[in-house]
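The structure's right below; bear with me while I get my questions together.
Which chain is which? They are A, B, C, D, E and F, in the order written, and residues in each are numbered from 1.
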Amino acid sequence: MRPSGRTVEQVRPIKITRNYTKHAEGSVLIEFGDTKVLCNATVEEGVPRFLKGQNQGWITAEYGMLPRATNSRTQREAAKGKQTGRTMEIQRLIARSLRAAVDLKVLGEYTITVDCDVIQADGGTRTASISGACVALHDALSGMIEKGVIKHNPFKGLIAAISVGIVDGQALCDLEYIEDSNAETDMNVIMTEDGRMIEVQGTAEGEPFSHDELLTLLALAKNGIDTIITAQKSALGID
Amino acid sequence: MRPSGRTVEQVRPIKITRNYTKHAEGSVLIEFGDTKVLCNATVEEGVPRFLKGQNQGWITAEYGMLPRATNSRTQREAAKGKQTGRTMEIQRLIARSLRAAVDLKVLGEYTITVDCDVIQADGGTRTASISGACVALHDALSGMIEKGVIKHNPFKGLIAAISVGIVDGQALCDLEYIEDSNAETDMNVIMTEDGRMIEVQGTAEGEPFSHDELLTLLALAKNGIDTIITAQKSALGID
Amino acid sequence: MRPSGRTVEQVRPIKITRNYTKHAEGSVLIEFGDTKVLCNATVEEGVPRFLKGQNQGWITAEYGMLPRATNSRTQREAAKGKQTGRTMEIQRLIARSLRAAVDLKVLGEYTITVDCDVIQADGGTRTASISGACVALHDALSGMIEKGVIKHNPFKGLIAAISVGIVDGQALCDLEYIEDSNAETDMNVIMTEDGRMIEVQGTAEGEPFSHDELLTLLALAKNGIDTIITAQKSALGID
Amino acid sequence: MRPSGRTVEQVRPIKITRNYTKHAEGSVLIEFGDTKVLCNATVEEGVPRFLKGQNQGWITAEYGMLPRATNSRTQREAAKGKQTGRTMEIQRLIARSLRAAVDLKVLGEYTITVDCDVIQADGGTRTASISGACVALHDALSGMIEKGVIKHNPFKGLIAAISVGIVDGQALCDLEYIEDSNAETDMNVIMTEDGRMIEVQGTAEGEPFSHDELLTLLALAKNGIDTIITAQKSALGID
Amino acid sequence: MRPSGRTVEQVRPIKITRNYTKHAEGSVLIEFGDTKVLCNATVEEGVPRFLKGQNQGWITAEYGMLPRATNSRTQREAAKGKQTGRTMEIQRLIARSLRAAVDLKVLGEYTITVDCDVIQADGGTRTASISGACVALHDALSGMIEKGVIKHNPFKGLIAAISVGIVDGQALCDLEYIEDSNAETDMNVIMTEDGRMIEVQGTAEGEPFSHDELLTLLALAKNGIDTIITAQKSALGID
Amino acid sequence: MRPSGRTVEQVRPIKITRNYTKHAEGSVLIEFGDTKVLCNATVEEGVPRFLKGQNQGWITAEYGMLPRATNSRTQREAAKGKQTGRTMEIQRLIARSLRAAVDLKVLGEYTITVDCDVIQADGGTRTASISGACVALHDALSGMIEKGVIKHNPFKGLIAAISVGIVDGQALCDLEYIEDSNAETDMNVIMTEDGRMIEVQGTAEGEPFSHDELLTLLALAKNGIDTIITAQKSALGID
């Protein structure tokens, strides 16, 4: 029995609130149970130096946790003067995933930055960030079309992410914190809405995992991602 | 006529939501119109080195703005590797003000850190932070009493803060962003619930101000602070 | 009785030495009793990026304390790798105050940086910095006129600053260190030579202060600032 | 045809030189074709603060590239003042993988740090680092046994890592730089010598990848890792 | 003819003012012509970690230049967030030199930090720093004896430093800025009062220098250092 | 008797391996006994800002030690976030020395950066760096000529560096670590192949040194440098 009473394949209640703040071109609060992440997409003209003159756009991301998003307070990175390795790893993952959802050539010389800030953490903050960021990105791109900034929408399709893992020998979908911290194996899967993979990151925290366990986890992930994609579509009002 | 249709002495609608997140010992979302600040109070054992062995506690504060809390995106301080002078100035002000609400000797060797993170900015983020942080601090201290961590409540009384200013020659209470950015004089006032001053910071952004203007601003501030104190009491359920 | 034998409204002996060093366009050593600050004004062509193309100049300031300006050695900020919040707050205050003394449109696209370095500290270093920096600024602008760099002098009038406070229930003017460290209320006031206010920063270090106490402090400040303005004029050889 | 003339499943020539430098407790130069990484293991008494008093040891890793290990010079991280996100991500991966090879309880309160410094890069530096670091770690632990520092060897078995990927629609094992920079999908796999997985990181650089492609890549990786394990055993003189 | 009208072997007018500031245990303003450096010595109990328990003291030094000590403004190191290589090199040199003047065993577990801050620069700031710092150190040690902090004076003898160089083929003593910036060879020499060498640093800025030129420069340096030692003794009132 | 059995004037076995890595324009591994330094020269178009438009090139250098190049592990500077004063001092020395070997006007607007990374340290890493870097620089310049990038070779002649010192009252050439750490006087000498001096840095670590000792050390250095120049020529195949 899981702490929340969920079945092994069950995803936590998902809530996606669009236009959560008023300034950003796309602003989404995504909730996976008690995990709450605010995803704000900002559109700016121009591209980073390494892309100058290549007639393409860029998508980047930054990730942060409010100091008391966690059970005990974590030191503010701004006060410490640097981002941790974990933060850098996560924001690189978010950005890489989002770029798979967009045709950068069609976007043209614009940069979209998605800020994912964790308001409250209860496991799965990086996958919630990606799933929410995709909706914020969608809204930002739609806004560009509406304002006539770009003519063709470079959005290629929704992407979503889920964490799965093995806890006490049992494969589970969408780990909450208490499960995650006891997992022997932890895996983050990011997929397109047509079921192809953008990123798979499986890590043995305790014992190494077998090929069969990997397959079981991938199947759970596929299932969970379908649920998230449905929630994203519902929030966006697309069938 | 003010952009919001308010009278010169009118404060924006105030909304105070307690227990906004689940981990912090005190967690308050305070809203002044479109300005929204999350204030999380954390209680930790021990005191900073400079207070060791002096049988007293400490209150400190940190302030941050989500990158897209503002109209155009501001660079993330954690990514930049340092806090701006503005941020440091504000968090020093918040902490100093909160310490005026607490008897540190009665608190004993505990440190309370209040994190004020601006979710959405529309003027007056530092004063909203102080007014919200005071409620979060109150909740954190009450929790310490309930859990028997301390015997006597060191809370001395509510404090609240407001910004006032002169815009186009007119003294106004509780400036929103569009007013604030055109103000000739800008003043932040922090008071106790019995109407005494903890901090007064008046700055001429354009023309210097006269003694009479100072008095007018102080009167507006006093009035606004009474409204905030009422809202704090209502949120806390103390008449 | 004050430690120095001064009356409550008496300012310490003020000494202003112009051309203290030979390289700066304006170089002033200001002494308030044992507080000694070297204020060097540097004129450079061009303005910061945010002012490009706006046909106006800029005044900025930096503040530092020699490590042994104080009673016990403070760590060198350059060695530590960052400026403290206190330093940033002070240099922002100095710059803001100086900008009130100059018509930036008339200055044109030049930046004047005033470095205030505390050689010896005995209370009131920020107010001494402002009062000395104004003289250095005056000299730098006069030099620009003399060299024909600019045609019209953008100087609008002298400004000066003083600290006042309440110590043992008694309002005092121009606190020296021993008084400052025991003050219940500490207030810095910056005024133009015609008696209008540029900045008022009053802080209750212990008990909150009343409206009447505020008025008493402002009166003391006004008086002290008159004395400083007289000293500035005398140093500059004007009327 | 691959640039090197290899078959799709063929690993580059592997060379493992033990005792490459004289100071480290384990010192291995590992070469995968033109990729050369120096892996130095250091044994130190004590553990990081978060493990104090838990009767266990710790394995950590740091990764660096000499500025001219690459085709064009990359800025020295020490000069820049910070490690890139890529570096942090890689050294976290190396450390996590190595910890899977050791029973930290048996190690006791010692910390082993493995420094992986890339002398020359031609693709696969992170996987070469892990494969070489495991040998250096083995030597360091054997040395501890020989010197009587610990009684029981905490080494649980060899681990090795390989990169595989899809280039021009073709799945390939052990990508060299020119292949890696054109890969549509890139996957790093870390396994134990008994064929279980420690980490799987698959990333779509271009098009998302299918479930079947994932399986093909895993099979290639399993094969490549067997070759590396054989090379490690041969270098260590264990059959 | 030198710009100042000096002969080749002539040192600029030297002025040494003791007790220049009131807080430091030794405080000396040293002037070599227009080069002015404030040297403040601070005595603190305890030694750095690497010397703990070795029954000896430590002498260290820090060096800084006020931003406008130079002809054009140099960026403040505290604002930039790091010390330049030049600064680090100089303060290491000062500290190393001063340690040659003191018997660290006799000093016992105290650390003396000498801060050398350049108020005005006109060439030779590092050698003026060393020559002034030695006097400040002498005063600090004498103060320790007077207060009974230590019983035996660990001072071994005066040290002094001078810069010499070859300008337009001519060997010169005590270069001022205009000479220094045109020197083909620049050499700093630090000696004890009995004429032995503590440090010799000769650098060819343009053409390499010959053995004979080295000898000529050393002779000039010896002569100049005698003059400085005489000035130090006169300032200290010893024979 | 020296630990290595060498005579007082004998240099350790020198080994110079050119083309040690494949990417750099000049790549040299230099070994002085157990001291091994990899020197990679990188040619890039353009010059630093302070040389723009002056029709000349620039030579710079960076120095690093692998964390376990030393007997006990030293903290990685990239992880610490800054280079030590020692590192900065050494890389400034290397660059200054190399610039004496090149006519920067003839080089034209190119920058050559030589990275000296210590793989294994056993004393004399800075002098080995300079001696090896000169060969790498020679190769980089020859390559520019071969590729027709520049027409005339700006190389003016070989330079080499050696450390000499006084250990137990005995002057020795080419100190290894155990000698260096016990030296009373330590001196680094850098010379051109025609025997003129580029840099002389003599430091008394214990007792000050006499004029005669200086002369003895210079003679030893001259002798050692001749040996190194011979080894450089042999490696470069120039008689």
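Here is the rule we go by: a residue touches a chain if its C-beta (ideal position, glycine included) is under 8 Å from a C-beta of that chain, and two chains touch if they have at least 3 such contacts.
These numbers come from a predicted model, not from an experiment.
Q: For chain B and chain D, which third chains touch each of them?
A: Correct list: A.
Q: By label order, what chains touch chain C and chain F together?
A: Touching chain C and chain F alike, sorted by label: E.
Q: Taking each chain's centre as the mean of its CA atoms, how far is chain C from chain D in angstrom?
A: Computed from C-alpha means, the inter-chain centre distance equals 59 Å.
Q: Between chain D and chain F, what is the separation of their C-alpha centroids in Å?
A: Using C-alpha averages as centres, the distance is 33 Å.
Q: Check each residue of chain F and list the ones that touch at least two other chains.
A: Within chain F, the residues that touch at least two other chains are 81-82.
Q: How does the ring run, chain by chain, when chain D comes first and chain F comes next?
A: In ring order from chain D, with chain F immediately after, the list is D, F, E, C, B, A.
Q: Tell me, which parts of chain B touch chain C in their complex?
A: Within the complex, chain B touches chain C at residues 82, 84-86, 88-89, 91-92, 96, 100, 191-192, 196-204, 207-211, 214, 218.
Q: Show which residues of chain B lie in contact with chain A when the two form their complex.
A: Touch list, chain B to chain A: 21-24, 27, 34, 36, 38, 40, 42, 44, 62, 64, 66-71, 73, 76-79, 81-83, 87, 113, 115, 117, 119-121.
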